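This report refers to the structure that appears directly beneath it.
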Amino acid sequence: MSPKLTGADVAQHSSADSCWVIVHGRAYDVTEFLPEHPGGSKIILKYAGKDATEEFDPIHPRDTLDKYLDRSKHLGEVDMQTVKVEAKDEDPEEAARLERIERMPPLEQCYNLMDFEAVARNVMKKTAWAYYSSGADDEITMRENHSAFHKVWFRPRVLVDVEKVDMSTTMLGTKVDIPFYVTATALGKLGHAEGEVCLTKGARKHNVIQMIPTLASCSFDEIMDAAEPGQVQWLQLYVNKNREITKKIVEHAEARGCKGLFITVDAPQLGRREKDMRSKFSDTGSNVQAQSGDNVDRSQGAARAISSFIDPGLSWKDIPWFLSITKMPIILKGVQRVEDVLRAIEVGVHGVVLSNHGGRQLDTARSGIEVLAEVMPVLRQQGLETAIEIYIDGGVRRATDILKALCLGAKGVGIGRPFLFAMSAYGLAGVDRAMALLKEEMEMNMRLIGAASIADLNPGLVDARGLMGGHVQTVPVDTLGLSAYDALSGPREQARHAAAEKGGMGPKAKL
Amino acid sequence: MSPKLTGADVAQHSSADSCWVIVHGRAYDVTEFLPEHPGGSKIILKYAGKDATEEFDPIHPRDTLDKYLDRSKHLGEVDMQTVKVEAKDEDPEEAARLERIERMPPLEQCYNLMDFEAVARNVMKKTAWAYYSSGADDEITMRENHSAFHKVWFRPRVLVDVEKVDMSTTMLGTKVDIPFYVTATALGKLGHAEGEVCLTKGARKHNVIQMIPTLASCSFDEIMDAAEPGQVQWLQLYVNKNREITKKIVEHAEARGCKGLFITVDAPQLGRREKDMRSKFSDTGSNVQAQSGDNVDRSQGAARAISSFIDPGLSWKDIPWFLSITKMPIILKGVQRVEDVLRAIEVGVHGVVLSNHGGRQLDTARSGIEVLAEVMPVLRQQGLETAIEIYIDGGVRRATDILKALCLGAKGVGIGRPFLFAMSAYGLAGVDRAMALLKEEMEMNMRLIGAASIADLNPGLVDARGLMGGHVQTVPVDTLGLSAYDALSGPREQARHAAAEKGGMGPKAKL
Amino acid sequence: MSPKLTGADVAQHSSADSCWVIVHGRAYDVTEFLPEHPGGSKIILKYAGKDATEEFDPIHPRDTLDKYLDRSKHLGEVDMQTVKVEAKDEDPEEAARLERIERMPPLEQCYNLMDFEAVARNVMKKTAWAYYSSGADDEITMRENHSAFHKVWFRPRVLVDVEKVDMSTTMLGTKVDIPFYVTATALGKLGHAEGEVCLTKGARKHNVIQMIPTLASCSFDEIMDAAEPGQVQWLQLYVNKNREITKKIVEHAEARGCKGLFITVDAPQLGRREKDMRSKFSDTGSNVQAQSGDNVDRSQGAARAISSFIDPGLSWKDIPWFLSITKMPIILKGVQRVEDVLRAIEVGVHGVVLSNHGGRQLDTARSGIEVLAEVMPVLRQQGLETAIEIYIDGGVRRATDILKALCLGAKGVGIGRPFLFAMSAYGLAGVDRAMALLKEEMEMNMRLIGAASIADLNPGLVDARGLMGGHVQTVPVDTLGLSAYDALSGPREQARHAAAEKGGMGPKAKL
Amino acid sequence: MSPKLTGADVAQHSSADSCWVIVHGRAYDVTEFLPEHPGGSKIILKYAGKDATEEFDPIHPRDTLDKYLDRSKHLGEVDMQTVKVEAKDEDPEEAARLERIERMPPLEQCYNLMDFEAVARNVMKKTAWAYYSSGADDEITMRENHSAFHKVWFRPRVLVDVEKVDMSTTMLGTKVDIPFYVTATALGKLGHAEGEVCLTKGARKHNVIQMIPTLASCSFDEIMDAAEPGQVQWLQLYVNKNREITKKIVEHAEARGCKGLFITVDAPQLGRREKDMRSKFSDTGSNVQAQSGDNVDRSQGAARAISSFIDPGLSWKDIPWFLSITKMPIILKGVQRVEDVLRAIEVGVHGVVLSNHGGRQLDTARSGIEVLAEVMPVLRQQGLETAIEIYIDGGVRRATDILKALCLGAKGVGIGRPFLFAMSAYGLAGVDRAMALLKEEMEMNMRLIGAASIADLNPGLVDARGLMGGHVQTVPVDTLGLSAYDALSGPREQARHAAAEKGGMGPKAKL
């Protein structure tokens, strides 16, 4: 066994000419890798000769260096006692955040999925929050995703026996407790040290399916390993320009027991998310963005950095090949118009997810629930409503949202950010409670609309006309008129002495 | 006569093993009752060995202990002089509330029903306010209930002789002064010491009907007893899993002279009201929530606590039985779709209330006025518009709201919270004024739409197209664009000296 | 000539048993009149034995005492030197108002009609502002009146020769410079000492017609006298229960040269205006409200006080009688549905004003412009579009509003409050500028829509579909979701030193 | 060579009787020109006998004095050393602005076109900002222009090969990199010393066309001279009452190589822009507004001042003459209804711009994108969709806006203010970045809607129903109801000590 390297040894290689970095106690020579780094060389050079673990971890699965860096560049263990720990600058924003964490609300005070988001916003690192919470352009689609559910209202049946409510269903043949799955979201370790594995455990506890993201912080195998026997997982796939790599991923997933392949079709290029870009600006340290070397704009955000391998040339022609390399059911994730659903049926895939990628790709793309309302009547008209499984994701926050989607014809819904926020704020306990709250809401709401089982859900239970009339934007506000208007106000409190003179009345007398 | 118990006697029984409590000067052994308490044992144990009267009162009718606790557990009178009075913690919120009560606006400053709500919000106990004012989930339906009336506009007739306006009508055969009734709302003593009896008196004064709630703070008989001879009352019924209990209640009500049986059909389970749940969190004392013993989440709110007896299995099959056990007219309260109105006619009941339970049950359920606009054209088309009496409730705040409902075909409307708020703030005087204001508005507005009597109201007097187009949600706001916009502002005041130089003009000259 | 009375003489009669008051230097014995006073006796008794001029003036035309108080009760002149001047209480609100008047914006800073309202709100007496600015109930119709114009958009023609623009038209045969008239509004002296006469002068200057209100602060003859030769005025009529009085008024108006009789048909009872009522509460002094003696609620506002004579029994049957007693054209003011326009044509009147009385009567009554859009297609279909002159009023603030009304078929529009506000803030100069601004806007906008004359206006120049779909109310706001949302923000300013290090750029370099 | 004049020489001519001014170091006798000055004589007299360069520059092209002032009045050079420099008053607003400039955000922090506007608002001179940012009346149309794009949503195609995206197209035969052009906007030097020439350079860099404004601060030739060989420019034309002047301008433009003549047809009179007028009020110095001599209202704003030559008589009859005097393609700029597009085709022009002049002319005129949605279906129905090139402008801020216009049938879009704001804040670098951002957005968004080239864009890619239903204005807000409502709030933070007792959880544990 060779002797350990010292901090001083590594520190000598601190330039683009010779660049060593330490990750998890081991040194690596990344000099030749610098120009290939998807996040740009600058971000690596910031850590040249130093320990980069903290920066490396949330963005790279554990096996990244093994997979992508030639063994000859693995320089072996470092005696971490000899590595100088750099003093960090005082950051008043970070200090304030740590204070907020001290005071964060107890978990039991979260009564719905929005509550986790409110807490997460206060306690997450700024850049992590920006990455998770951001959407494309003006974030209109991102917000529309949830608000679109408010265009659908219930027409409940009364006097139905709902003593026993069964909210279980099947998705791609798997029996689940409730019709949602944990959809794929990237970089889970930004929010919580455990990363996606935390979601695996939550999904197990509530018997729902987890979709494993291509861009996970944990490696695929770590996430599979975290599952208990019999627990079902799916794989979300960004298709690599190099189809051999893709093929290996797919075959490996199938071999490991994955039960569904969700090919993302709405991301030939990952979106511009300005909130993310802005948060990166003053923080070259977390600057993982560039697509082409050192001179790129230093503010592209995490999304662009990690996605350069995705093939923008992916097209319908590729689908038969996918069908040929796996027996897993194939689902197209990100379909957004009825024409493409019909084509998906024709081409023989097993499902589609009507999705706009959480509002992170194309702004003013329509919500999944709206596309669903466009798709299902056409399918029914053509007798195709069972030809394929239809899922939606985006904006699901309440069990009522799930019910609306199912009434309109979805097989299930994907939920992403809410579980990330629950995890970021409270870890597994947060994920567990978030799912438990959904079940509690679901049971109650099925009772209240008069449905004892998923099979009872149907379009007659909702009024979805609000989705039919196009997107409403009101006339810009009449500033002058409004500010001249003297709004009505309620009764005024009395001055104290006046009240005293009058003597007690009403509630006062009651005390 | 046995000697009185002392405080010390009772204080010895302060655990789950032996639990005595004092209520209204009498001791009770509730040890065996602990596991059966609908509100959970924890809340009782907090008062084990102590006086629980203050906590007991608003939630339990007087006769509760007589009815549900075996005589053998009634331990007799306690010498209250010997009972230690516990010092209460100082509570700055409560102190601020008491100060607000000192300054509360005089009753005559309330000019409409919203005014009572504004005052009540300031002067009610936090938990009582939370129980009354809360709705399901995001409280969207709760607010929609009133705002839906703003989708209906008037088409008044002019040049009609309206010197004499008669706003009286009949409901289930009873002549009333104005077409509203006091609908059933639970736990009246949370707002006012007198509870539902206060509403009885108000209803009498204005000759309108009171619907007595199953979950009243006062007992059914107390409320009946408070009525004057000839005063008509109805009973709202939550159907018990044990039909024998239900039968007794119905027969008793009929025997006592109740003139209508309103069976609640929209509450197989009482709703989650997060505002209520949140208000309970820090207050185990008022924690009356659990459904199954001690380990329940301590924040379910009052509603869940008191409703475990309700039968979620109630269905259309049960209706003939109800028709068989009483001669009172039967009305289904909480119908929400035209299909169920047609079925109600078929099954032979005498009326329906189109209601979403004040927005407390299913969020994004439609408002009563909207369902009415769906129902009546179908009934008219089928010649059934007089086959049944149709009522609505939810969101009625103005006489114009009542008029809109009647124009669209309702026989009358139920009003709940506004009278609770008036009562909570000002007692009977508040209820009286609230009703008087409605009458004043009603008379004026009937004149203004050109209707001299209720019979003159018809659909041609309103434009209800706003209810027909589905639920409108606008495009999420363009944050960046709006914040960059430099809004117009009006004329600017002059600096003082500039004005002085110019000399007086306009109003100044007039002084 | 009898010697003058002294202050001491009058002061002896300061009770309900013997009540004298001084008005404009003369004493009156109003003891017997007390129970008949429409505003209640209380308000008079406050001035018993004292000088009531200041309170009397804005509410009563000069000739009131001559007309309604028997000559025997006119006690003659008072030596005002001998009348004690009462010290007024310091009123901080009033002091603040006087300060605001010192700083009020110069007139030239008012660029539109809203600007006058903004200034008036700051400088008018609270009760006067409340009387002018208030509307019925929630003031929804009052605001809808203007905002409804924003539902109508232009479809301008280009490349039309608009060098010369002629905006003159005729109304009931009178040629006017621009198609608006000054509509009738009550109690002009509340806003300005000169009262309605100020509007007479403004109307003259701009050659538009003034409609004289029944409830003017100036007497009818004062207003007629203020007109210059050839200046046209109309009369707005509230019909008295005593038709003889009404007949006298009509005949007198015709004799004096009035050119149009506008019978108000939307006010069988004057509306409840809560802002007005609330402002009166603490001010018994200006308490002119009661309908039946002393014990009335002391907060009914000015409107109710002055209107008890109005006949709520007025009906279509009365119209032939009006046609028989005058040769003036008769116009029904306040028609609100197409059916009543058709009936007006049938009954033979000469015009209608589609109006909701400035939103002061029935809340959620439709705007004039909306009713117009309902009426005209029906008239055109029946070939009746020229059978009658159609006017609208309510919410007109911009020349574009006038143009929209005329495009849709109105002959002209009435404007009320804006001139009151201009007058209240700046007197005649304000009224003059307000009208001049409208003319300036009108000329420009006729050019911009490609209309060289009023005859060029037609429905094809507007897109009025926004008026056709009913009244839109959006789904209640998703409070939790919105507050959890982290809105986008623009670029952040740099800390000062950072900018300094970087050196100048952009605009900085330019300085 | 004559000796230079001195400051004292000039200072002697400081009245209306003899008025000399210095501009760029040369003296001019403008005494006789005073009454003809479009901006009124007052503004010149303010500088009588003084140096007027600073005021003169942004509003007048360099060659103005040569063109419009007789040679005999050019008095020759002034020795500027002898001219007294006037101390300026301290202006706290201006001082604050200069401070804001010190701290202005670095250019790279601008991620979209709205960001430039936000910065410009902070750093531009108040009057310049007011001139650029203002719109007609209530600025409703100005804001609608952008918000109308939010009524159009995408229906993207997935699984299209978008590896290579070609966003180039042709406009009037010229190949451009991206389908927008820099539309004409007046007075470029108000925002930046270099004026329109700055835009010329930006347009060159990104290979897009610049439209040269009639009312440029730079002279036409300066702007043409600034172009590089082969760079294409168009001319925007306000037609002069004197057609000979117009003819000369057109012929000169053609001779200099202009490739398109855009005749403005929506401005027979330049609009009232109240924000501009208000900003001028206290600043007679920049008071360039009057149309007829000295006594005009001193607050008409820049627009009215510079536009008195425009011919309001321009009509369809004139178009053949234009076609006869030039071979440049003629485009009508400002068409607003389908009827006029059809007429444009009939009359033989080559294109139209559907535009409302940036919301600066007629308020509540419809947006270009809405008119486009009206026009194209009619053209397609009549087989005329290629008969003419259709452009739109107004409100374009995002590449998605451009894509929506092109999907609906536009050949390209004009962008004005955003480049002015970018230039005003950051000069050429700002313009460059603004255009680069649009290209970056455009490439991404074409990928995301599944269009590899401009030819792939078609109406099926958008859902434009939101443009079809008329203009939506919601019911005025229910003030009392809203203020009584107690909105939901999220989980509350704990007091510090409570949290400390509980010990760490969630994120805290992670630290």
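As written, the chains take the letters A, B, C and D, and residue 1 is the first residue of each chain.
Note that a residue touches a chain if its C-beta (ideal position, glycine included) is under 8 Å from a C-beta of that chain, and two chains touch if they have at least 3 such contacts.
On a predicted model such as this, the values are computed, not experimentally measured, just so you know.
Path length between subunit A and subunit C in the chain contact graph, taken as the least number of steps between touching chains: 1. Taking shared numbers over all numbers used, the subunit A to subunit D interface scores under half, which places it in the different class. The distance from the centre of subunit C to the centre of subunit D, each centre being the mean of the chain's C-alpha atoms, comes to 41 Å.
With centres set at the average Cα position, the gap from subunit B to subunit D is 57 Å. Within subunit A, residues 109, 111-112, 114-115, 118, 138-140, 143, 147, 150-151, 274, 278, 466, 469, 471-475, 478-481, 483-484, 488-491 each touch two or more of the remaining chains. Residues 98, 100-107, 109-111, 114-115, 118-119, 122-124, 137-138, 140, 192-193, 265-266, 268-269, 271-272, 274, 277-278, 281, 297-299, 311-316, 318-319, 332, 334-337, 339-340, 361-366, 424-427, 429-430, 469-476, 478-481, 487-490 of subunit C are the ones that touch subunit B when the two sit in their complex. Residues 108-109, 111-112, 138-140, 143-144, 147-163, 398, 400, 440-441, 443-445, 447-449, 460, 463-469, 471-474, 479-480, 483-484, 490-496, 499-500, 502, 505-511 of subunit B are the ones that touch subunit C when the two sit in their complex. Interface of subunit B with subunit D (complex): residues 112, 114-115, 117-118, 121, 129, 133, 138-139, 143, 146-147, 150-151, 274-275, 278, 397, 466, 472, 474-475, 478, 480-481, 483-486, 488-489, 491.
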